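Here chain A shows up in two complexes: once beside chain B, once beside chain C.
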Partner chain A sequence: MKVIKKILTWVPLILLALVSLIPFWLMFSMSTYKSEMIFQNNPLIPSNFLMENIKTIMESNFVHSYLNSLFVSALAMVLSVIVCSMAGFAMTVYQFKAKKFVNTLIMLTMMVPTQIGIIGYMIEMRNLHLNQTLIPLILVWIASGFGAYWMTSFIQSALPMELVESARVDGAGEIMIYLRIAFPCIRPGLVTLALLQFLWSWNSYMYPLLFINKQENYTIPIFVKSLASAYRTDYGAQLTGLTLATIPILIFFALGSKTFIRGLTAGAVKG
Partner chain B sequence: MKKNIRKYSFTWPIIFLAPFFICFFLFNLFPILYAFYMSFLDWAGYNEKVFIGIKNYIEIFTRDKVFWRSVLNTLRIGLVGFPIALILGLVFAAILSNIKKLKSFLQTVFFLPYLTTPVAIGMIFVFIFEQHIGIFNKLIEFFGGKAINFVGSPFWAPFVISFMIIWKNTGYFTTMYLAGMTSVSEDIYEAAKIDGASALQTFFYITLPLLKNVTIFLIITSTIYMFQLFDEANLLFTNQSMGTVGGPGQTSLTIVWDFYNQAFGANPRMGYASAMSIVLFFIIGIVSMIGLKLMNGKEE
Partner chain C sequence: MKRKLLSVLLCTGMLASMLAGCAATTAQAPAEAQSTEAEAGAEEASSDASAEGEVTITYWGWDVSNFAQPLMDKYHELHPNVSFEPTAVEWGDMIPKTQQALASGSELPTIIPMDLGLLGAWKNIDDIFVDLRDYGIDPSKYNQALMASTTDDSGKIFGLHEAVNPAAIAYKRDLAKQYLGTDDPEEIQAMLQTYDDYITVGQKIKEASDGKAFMFHSGQAIAEWFYFASTTPNSENGAINATTKYTEIMDLLTKFRDAGIVDSYQNGTPEGNATYADDSHIFFPCPDWAVSYYIVANDPDGAAAGNWGLIMAPKGYQHGGAAMGITTSATDEQKQAAYDFITWAISSEEGATLMKDTAGYITHDTTINTGDFAKRSDEDVFGGQDISKVFYSDIASRIEIASPSPYDGDITNVRNDVAQQVMDDPSIDTAAAVQAAKDELATIVTDTSVEIK
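After this line comes the complex of A and B, so read on.
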């Protein structure tokens, strides 16, 4: 009986772990191949072309695209975390008449499928003369409905009102309270949201596809696509670029993984 | 004193809420409203705008077979993918919650697919399901089966996309469910044990009902995601030299891909695409409203 239970536990776990890891491994392993050689060998075993592939992408504007992606995602992350946590702070700390209504409004914003407004967004950005820049890729992420909903429920469970009130008695201003009292209390929530926002913006595909038409503005997904031409698609180089693009996400996640999962747990209590 | 209260019930809430709602209006809501206006136009994006009333909508509802097929395609891909991912997520969360060793390590491993760039997922899955050298077909041949041209087949291609969804989301759902399970108090489980409930009984009669909120949340967000499916489908086919719209037999043409193609394809119809997006908006709106009702229902 014990053995059966062990098998029923570990066989599925190992299977899922393999299924999760193999595509990852393939991405890395295939990035060590010369494009034409990938299909002639067993791509599960790495080859020796990684340095050449890195050289290839370095010679085109990979570094620049990488920095563009970092710039866009970092800014989108910071702005949306600030804006959403401010909204969550307001929904927790203050009592006001329309609170229930605003709460429903936030829920609704979470359900608005932003992506389908993309034509209107394009024309809006064109009229603001921002369509040749990276700015549109940032602005669209700031007011994340999910973020505001998430921060509201998180702050409600993590920020004790007594703390806020005693700070007020001590003469602290509201902005001070938000920065000095609330921020430390809601750190796991902030980290969780920051990671998700960075991830979504970093991986976003449709917005860059539509808004970027100059090489100097390429972000990583568009850069990788640009390595495919009518004559030759350099799969090896593409996968090298993608592998390198996955690294910052992995580092962020590894650093924040404990806090991230704690943040998810705390948010789900309210769920 | 009165002024002081007003400060906390009026001025400060507005100051703290304003950035969110202003940004939301400017960059998320206004574009949709603008699309609503454009849905009454015949416009290619560069020529003269012509007001044509509700003709675009009439075309969508009476003549546009491709649009409705794309709705069916999207449902087919999503309804195969998400429920399986959801069930697997629940099962794996249940298994993980019962082990001590390696728990957080495995949780992290399972979460990795959610972190991967769709561009990478698209490329790798093309390789995995490739007919002659793909690992999956190697596996089939190893077990004595016959290799299948998955990505090139009108029947199988949508399943590959469903599989991408399952691959990507199972770990995410596992983490969410596990989070929900940890929030269930230990006392309840203790009490169930004392009453002599088996592990399965505990799971079905205690854990599952308490996970209702997480489940509803995941179903709503997945549904919204499903209707906006684009990256996975598009990336499975665009990296290849033949840039077909919708994959083989157009069975992988999702709603948003169809919309994208109408708006920015070879023959752009911005007005018509806008009307499509508004129809999609209402489809998602209705589904979300039902979800919102379910979510609010728990509070009463």
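After this line comes the complex of A and C, so read on.
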């Protein structure tokens, strides 16, 4: 009976894991093929063309695009976490008249599809003379409706107001309370938001597509797409680029996975 | 009190920046913004140009490394005062990116290549391109079918095609010999004069191979062939000719499918491309660029052994290719330099030869493309057959192109979807396929003033 129970537990789990992992493996395995040879062989078994594909992307603009993506995503992540956590702190700790209204506005911004606002954002960036730079790709993630909502919810459940009051009684200023009291309590929420923002920025295609008009400003998604000419798409090189592009994401998730999961499940069980 | 004020300021400041992207309205009308930008750019560039004679031509396109870059490098070498800033933009992103730039008043590039299948959509974007007649273009020396496709109703020439891309039908000689008893192009050509001949010969192959070999690998590929070979305009008088156009294509496709001579691979996918090297698919629609990009790339052994042959399709047609247009928002210096560059690439012996050597594109300037100019160096792939004659003499002279419409891209996408449905579901007949195509088209074409006939 126990064996059957184990089988019934493990088989579906293993199948689900395979369904999730096979695309990853295929991405890596296909990146070791010459594009035209991928389906003339069994793509599950790696071939010997990886170095050629790496050479192809290195001879293009890969390293520069990689650095651009790292720069944009890292800065977007850090700034977004700071701004959103401040907004969440303010929305939780302070009582003010327009609070409900502001909260509704935050929710509303999450309902508006990005595509609707993009022309307005382009006009804004053009008027600020920033449209030929990487800055629009960073700014767009900083004021995030989701981030503010996420941090507000998280701080509400993770930061005891008694701590804030005690700190005030002890003479701590508001900035000190935010940095010294709130920050350590909301770390899982911050890490979760940081990872999500990094991921979204790293994978973002539409903003770079519309704002980047110079090869030197390419980010990874635009670079990968550019590995195609009029009549040929170099799938092998594209998949090599994508495989290398997933490395930072994997590292970040590996480093922050425990905190990330804690962040996601925070508040799920009330003690 | 201070805290309250601080909190309100913090939140509203964040919200203001957050909403900026969503709520920022166009303070300036797009066209006005565009022209202001253009004027500002014009002043800047003209002062640069007058001070140092330097001109920078910007370019967005999907074929930078293969086509544009070598030509730009050479032109810059010959004219050091002309610099280029090419940006690789994926084929499908060209129009959305341009439309967003126009709507937000952002800068457009000096040169935009327009895919043949999207010429109508480009033409529909108001006044984005200059009239090349203003720069002294002589349309009579180019392929007339191609020139007609970039000439609007008022006679304005809004683009110049890079090259002629005649399309034929390629086949594997060893399989033709095995199933048809000959690999000689003249004999194969004699067998395949009409679409009905293809069905007859395809069934012969099917019988001879016990159903193992198919004449074609993909229903989508042959639907694409029928589409480009059709001269029925996609739209007329503001209405889309959906029924006529799709019936023409789907009727042939269902006949080919029902005869069992077409396999159901999706066109252009790595799986589909792998059929170029197998021993169960014999014939492939083959524009001139497909020789290197598809045949040599996917079947290097067969290509090295000269195992390919080429015949004309029942109708001469152009498949692929792009026309270059010069944007009206560029400065006068940029426009002139761009025109000089484009005509150098297409209409000078030096540029056209470089384009042929680097990209494999053959100019459609009939004063350059004479004698042996179009002689290809890869005829050994076809066992020494004179494919240059087939492409650039026999087919190029009888190319017909349906007049472009703004809905060509949508009609093409729908055709591709429905062709695959037809291949996957044998119960779909021509009428059902046409209805499915019209239904899908109706969801894509949101302009209610357009009738889908």
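Observations
Convention: the second predicted complex is superposed on the first by the 253 of 271 C-alpha atoms of A that agree within 3 Å, B and C clash if a C-alpha of one lies under 4 Å from a C-alpha of the other, contacts with A are read in each partner's own complex, and residues count from 1 in each chain.
Please note the rule applied: contacts are C-beta pairs under 8 Å (C-beta built on N, C-alpha and C of every residue); 3 or more make two chains touch, one makes a residue touch a chain.
Please read all numbers here as calculations on a predicted model, not as lab measurements.
Because the two structures share chain A, they can be overlaid on it, and in that overlay chain B clashes with chain C. Using the contact criterion defined above for the overlaid structures, shared-chain residue A:Lys214 touches chain C, although it does not reach chain B.
Of the two partner chains placed around the shared chain by superposition, chain C is the only one that A:Asn131 touches, whereas chain B remains out of contact. In the superposition on chain A, A:Phe96 contacts both chain B and chain C. Contact with neither chain B nor chain C is seen for A:Glu165 once the two complexes are overlaid on the shared chain.
Set against each other, chain B and chain C differ in how many residues of chain A they touch, and the higher count belongs to B.
Annotation: chain C segment clashing with chain B after superposition, chosen from 23-31, 149-157 or 203-211, is 23-31. Across the superposed pair, chain B and chain C both touch chain A at residues 38-39, 83, 86-87, 90-91, 94-97, 102, 105, 109, 112, 114, 116-121, 123-124, 139-140, 142-143, 145, 148, 174, 210, 225, 228, 230, 235.
Those residues of chain A whose C-beta lies close enough to touch chain C in the complex are 35-36, 38-40, 60, 83, 86-87, 90-91, 93-99, 102, 105-106, 109, 112, 114, 116-124, 126, 131, 139-140, 142-145, 148, 174, 209-210, 212-215, 225-226, 228-232, 235. Residues 3-4, 6-8, 10-12, 14-15, 17-28, 33, 37, 58, 60, 62-67, 85-91, 93, 96-97, 100-101, 103-107, 109, 270-271, 273-274, 277-278, 289-290, 293-294, 297-298, 320, 322 of chain C are the ones touching chain A in the complex.
Of all residues in chain A, only 9, 12-13, 16-17, 19-24, 26-27, 30, 38-39, 43-44, 82-84, 86-87, 89-91, 94-97, 102, 105, 107-109, 111-121, 123-124, 139-140, 142-143, 145-146, 148, 174, 178, 199, 202-203, 205-206, 210, 220-221, 224-225, 228, 230, 233, 235, 238-239, 242, 245-246, 249-250, 253-254, 257-258, 261, 264-265, 267-269, 271 touch chain B in the complex they form. Residues 8-10, 12-13, 15-17, 19-21, 23-24, 26-35, 38, 88, 91-92, 95-96, 98-99, 104, 106-121, 123-125, 127-128, 132-133, 135, 167, 170-171, 175-176, 179-180, 182-183, 213-214, 217, 220-221, 224, 227-228, 230-231, 234-235, 238-239, 241, 256, 259-260, 263-264, 270, 273-274, 277, 280-281, 284-285, 288, 291-292, 295 of chain B are the ones touching chain A in the complex.
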